[in-house]
Amino acid sequence: MVIVMKKGATPAQVEAVQERLVARGFNVHLSEGINRTILGAVGDRTRVDHTALQAMPGVENVVAIMKPFKMASREFKTDNTLVQVGRATFGDGSVPLIAGPCAIEGREQFIETAVAVAERGALALRGGAFKPRTSPYSFQGLGEEGLKIMAEARDITGLPIVTEVMDQKSVPMVAEYVDMIQIGARNMQNFYLLKEVGKYNKPVLLKRGLSATIEEWLMAAEYILDSGNSQLILCERGIRTFETYTRNTLDLSAIPLVKSLSHLPVIVDPSHGTGKRDLVNPMSLAAVACGCDGIIVEVHTNPAEAWSDGPQSLIPDEFGVLVRQVQAVLQAIHGISGAN
Amino acid sequence: MVIVMKKGATPAQVEAVQERLVARGFNVHLSEGINRTILGAVGDRTRVDHTALQAMPGVENVVAIMKPFKMASREFKTDNTLVQVGRATFGDGSVPLIAGPCAIEGREQFIETAVAVAERGALALRGGAFKPRTSPYSFQGLGEEGLKIMAEARDITGLPIVTEVMDQKSVPMVAEYVDMIQIGARNMQNFYLLKEVGKYNKPVLLKRGLSATIEEWLMAAEYILDSGNSQLILCERGIRTFETYTRNTLDLSAIPLVKSLSHLPVIVDPSHGTGKRDLVNPMSLAAVACGCDGIIVEVHTNPAEAWSDGPQSLIPDEFGVLVRQVQAVLQAIHGISGAN
Amino acid sequence: MVIVMKKGATPAQVEAVQERLVARGFNVHLSEGINRTILGAVGDRTRVDHTALQAMPGVENVVAIMKPFKMASREFKTDNTLVQVGRATFGDGSVPLIAGPCAIEGREQFIETAVAVAERGALALRGGAFKPRTSPYSFQGLGEEGLKIMAEARDITGLPIVTEVMDQKSVPMVAEYVDMIQIGARNMQNFYLLKEVGKYNKPVLLKRGLSATIEEWLMAAEYILDSGNSQLILCERGIRTFETYTRNTLDLSAIPLVKSLSHLPVIVDPSHGTGKRDLVNPMSLAAVACGCDGIIVEVHTNPAEAWSDGPQSLIPDEFGVLVRQVQAVLQAIHGISGAN
Amino acid sequence: MVIVMKKGATPAQVEAVQERLVARGFNVHLSEGINRTILGAVGDRTRVDHTALQAMPGVENVVAIMKPFKMASREFKTDNTLVQVGRATFGDGSVPLIAGPCAIEGREQFIETAVAVAERGALALRGGAFKPRTSPYSFQGLGEEGLKIMAEARDITGLPIVTEVMDQKSVPMVAEYVDMIQIGARNMQNFYLLKEVGKYNKPVLLKRGLSATIEEWLMAAEYILDSGNSQLILCERGIRTFETYTRNTLDLSAIPLVKSLSHLPVIVDPSHGTGKRDLVNPMSLAAVACGCDGIIVEVHTNPAEAWSDGPQSLIPDEFGVLVRQVQAVLQAIHGISGAN
């Protein structure tokens, strides 16, 4: 941590800052220049609040040096975390595909889609039983009925199921039905929900918030890890920018970046990340090429009749093409890694 | 709603779109050009899903024309909604100030601040008992103990109290203690929480999300209104941009804009909106000048010792100055409104 | 400047960094912690390149401490810079209004508007002779013919004239006609143009770039100041965000912030900043309340017939109202400053 | 184009809008609903100004339907434009690499790097002779001396050379030396510069602006095409977002999106797009996987001594690895395209 004193800060002000840091076990060094005094402080960042220092008299600025996440960091755990969901392993260099419709609209629709994606190579099923909708007048999901349909689809296909949970109260019920619990982008900083899913022995899929920095995303992961659950997968799903041709701007640089900062697997959601069916396959391949650990994609047997997200949903045959393409690019990437 | 067909869309595709719209009660007009056919559809937007149309074969784009919010709109209710909290009225042209520390750190600290701001003209007390913190290692709030301290401060000062609730489960408890329930920026789209506070007969303060559009903010308000609670105040608290000198970018144009779109009162939080104490007073006055219905501001008797948000907290005397300045600008604005 | 070494950086790597800094006259202090070594370096930041250090082996991060602008800073010049344009003084606590149409469409239109705004209290005339248009098919301005019309309007009204110059080559011609040269948002980092206008003894109005940070904006000012021209006014005109209800997001916090960082006057452009006529007056008053040094506003005698920017243009009578409102708020603000 | 009238717009207002459109050759259809009248207008969008309509009395909103770019669009030209620079062809499915240092620092440094990248598979050389620097105190480039060094490197390596031009005046000189002229991100909307390079029979590399939408980028391309130069390559180089771990957010979805909207080749700059050496290779491969037509990358023989952009520069051997990796991924992608 570096504390920059204001021009004209008094020696007493400098001393007060120094004392507070030393009292909290920091090792402090002073650099006095003609215009400014700066203090370098090395110690346990959790023992002093960044903003508290900034509010001290004579302080101009406090610059954090160390990353604030611990359990999520590569320094804490060097090896990749592997998360097993059914036969899919996330984090081992493979790229499992999770597929299914945005929302579970009914038994027939979901089972049909589930069978179609299972036949084409999906390793897990996605589907929304609880839908976060901007409008209270939009379809909000089938709730527990949807979970039952998912469970039936699992029985039929043998594939594990993933669904979003939006509130603390529903976590026990959802956890009973599904194989992986998803935290959606809008709830990335719903800290009570993070702590709650942290208590279960069940893989969690944590989506990046719409305008969350990578640091905030890893700090949200830290909440789950700190609550005791280390079966955690991160999912990049696009951030909010000024661009309007795409629904979001898929930040693929987050994949290699997070993988260098953290041991957690990172997957990508090109459906929400772009909002356009035509971009799903190219962006999936791009994600594979830069090292993603999996893909979650929306598939609907009849997008034109989908109750939500039709424009970004693949049909099953497009998904089948995607599965083959992903394998082709993955082989090339593995060849590269082996060679260099 | 306007549906733009792709160049080369077949007559059958155009007809299919038209039929679906007519079946849902829309009045549809066709415009055929050399390059494109476009369909204008006038009807009840809630009866057809925007994205479902977009996924139909031959459709290039669907443009929503009507605003999606209803109960929050000026068209639904022409007169300003007035929300009464203690002696403060929000929405009647006055500018009540809500003041207090970021977090309740202890009995003495909070009571002292409460008395100080009450003496200087605050009309309501703010304070955090449950704190949404980026890091699980940061102080998370005193919980119910904090609420009890707030209640005691109310008894002493006679001022109503406002606090944030972060999860559905805590709503009943919080509602029992406080006079206004705050939904924080991170929970603006926590739809279960919105529905929950919508069930209580208690004013709600709804902060704008960090990267929420004005439309999404009004849709979040719609969730609360639709759940039966119309005592609702909106709070602009800064949005996330690329600028780093300020904590957020306070979007003051949201004030006159929302007041033209909606009947709900809009207040401003210049403390979180800027993150810098020196900017709190100028931005408060700016908010008054463009028509805000209130101000919520962080005050701490000793910002350098505050456990959080010290750099953006006023000391009580600065708050006293702010109260007088706000009145001076408000008088000028009222003179203007009277004159023109 | 603070240099953070990577975990595991070798002593030789630390030494190499230290040596380079010392060789450039920096005073360097080492802080060795368990996990990291950090170097605090105090000296002349222009003597070493930030990114060059960052590329040295073993360096994790370099954090700049000092602000990079010099001549634009308050530390360089404590007193407000006053810029005189005709009878308007920018920087002395008054709020001169600059008014006129977006583009000069013809002699009659411009003269008529000029007379109308002069009668209602404008202290300078704006008008575009060279128009930066997104589309090559849009009206690009009348060029020198427009400048002649402006000069005639100056003769008639006695008001100084301001216009945008878009390229280096046109600067001499524009400088001959006008009283203040405007650099538009799209050219804020057109460094050749900045250097060119820096050579003239003519006030310059420098608009903030669409996505420029405040630091970049002040660095652009630095180019002009460093080229020898200190008659410089900054203009906040809205930044690009995800919000779509407004054309841009007017960042009013930039006003008090820049005025604390710099001695230069700062004015505001609420027309481009919002894109909506109804928001021009409230946002102008907000700007006055937070300390702006002037306002530049689009006025058109018939916005519905304007060739560009009609939706954000006031009619002359609305402008007259604005002039009176600005004075009322300004008086309130002066009363406050006097009292405290 | 769709014109939405305000609730309560008078028949005369509707008629006035209709008349103006018809007078400009539009085919207009009226849809009257209970709350709103909307007009659908099909015709030549360049014949009426969008904002002029928006300023007409009674008009609430005008929605553009057609894309505003013409010559840049796929509808204008179905086949891919191929741009030949030396032996590199951009747009034919291959992925030529352009490599070299950020700035030309001296003869030896540049020649050495040029030879190193030529040996490892670069098909063109990049290097900055005129540098757009945020600070006037930073190294601004060697100017014509730099161009001479580049020309010498071309003689030695046989590779074509690419450099940025920052102002209209320098275009003739730059055009004489180089094989492709680059327009940098900060000048994407320097319309005079665009028109100037449009006059030369020389390939142009047009970088996307820091906060330019895809539509604005294609409109900037339109300026060059409309000026007579169709040898145009677009370059995605990252956009400005709130994320701070990367220098910019590389928007790879722009690649398949622009390639569907336009016939122009699109290349990617992962060096500026990320600002981090470790991200250059993964993001390059991602770009190949989603269909880019080339890569421009910064290479320096000694990044720690580079005068600018060291942290994002590869060393020649890393570049050699990149060349092989790109070919491997490209083969996989070609295999896919052939198969499906």
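For reference, chains read A, B, C and D in written order, and residue numbers begin at 1 within each chain.
We adopt the following convention: contacts are C-beta pairs under 8 Å (C-beta built on N, C-alpha and C of every residue); 3 or more make two chains touch, one makes a residue touch a chain.
Just so we're clear, the structure is a prediction, and the values are computed from it rather than from any experiment.
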* Is the C-beta contact count larger for C-D or for B-D? -> C-D
* **Of all other chains, the one whose Cα centre sits farthest from subunit D** => B
* Asked: Could you state the distance in Å from the CA-based centre of subunit C to that of subunit D?
  -> 26
* **Interchain centroid distance [CA atoms averaged], subunit A/subunit D, Å** => 30
* Asked: When the centre of a chain is set as the mean of its C-alpha atoms, what distance in Å lies between subunit B and subunit D?
  -> 38
* **Where subunit B touches two or more other chains at once, by residue number** => 211, 240-242, 244
* **In the complex with subunit C, residue positions of subunit A that touch it** => 2, 4, 7, 27-36, 38-43, 61, 63, 65-66, 75, 211, 240-242, 244
* Would you tell me which residues of subunit D are touching subunit A in their complex? => 211, 213-215, 239, 241-246, 249-253, 255-257, 260, 273-274, 276, 278-279, 282-283, 285-291, 321, 324-325, 328-329, 331-333, 335-336, 339-340
* Structure fact -> Touching subunit A in the complex, subunit B uses residues 46, 49, 51-52, 54-57, 68, 132-139, 166-169, 186-187, 189-193, 210-211, 216, 219, 222-223, 226-227, 240, 303-311, 313
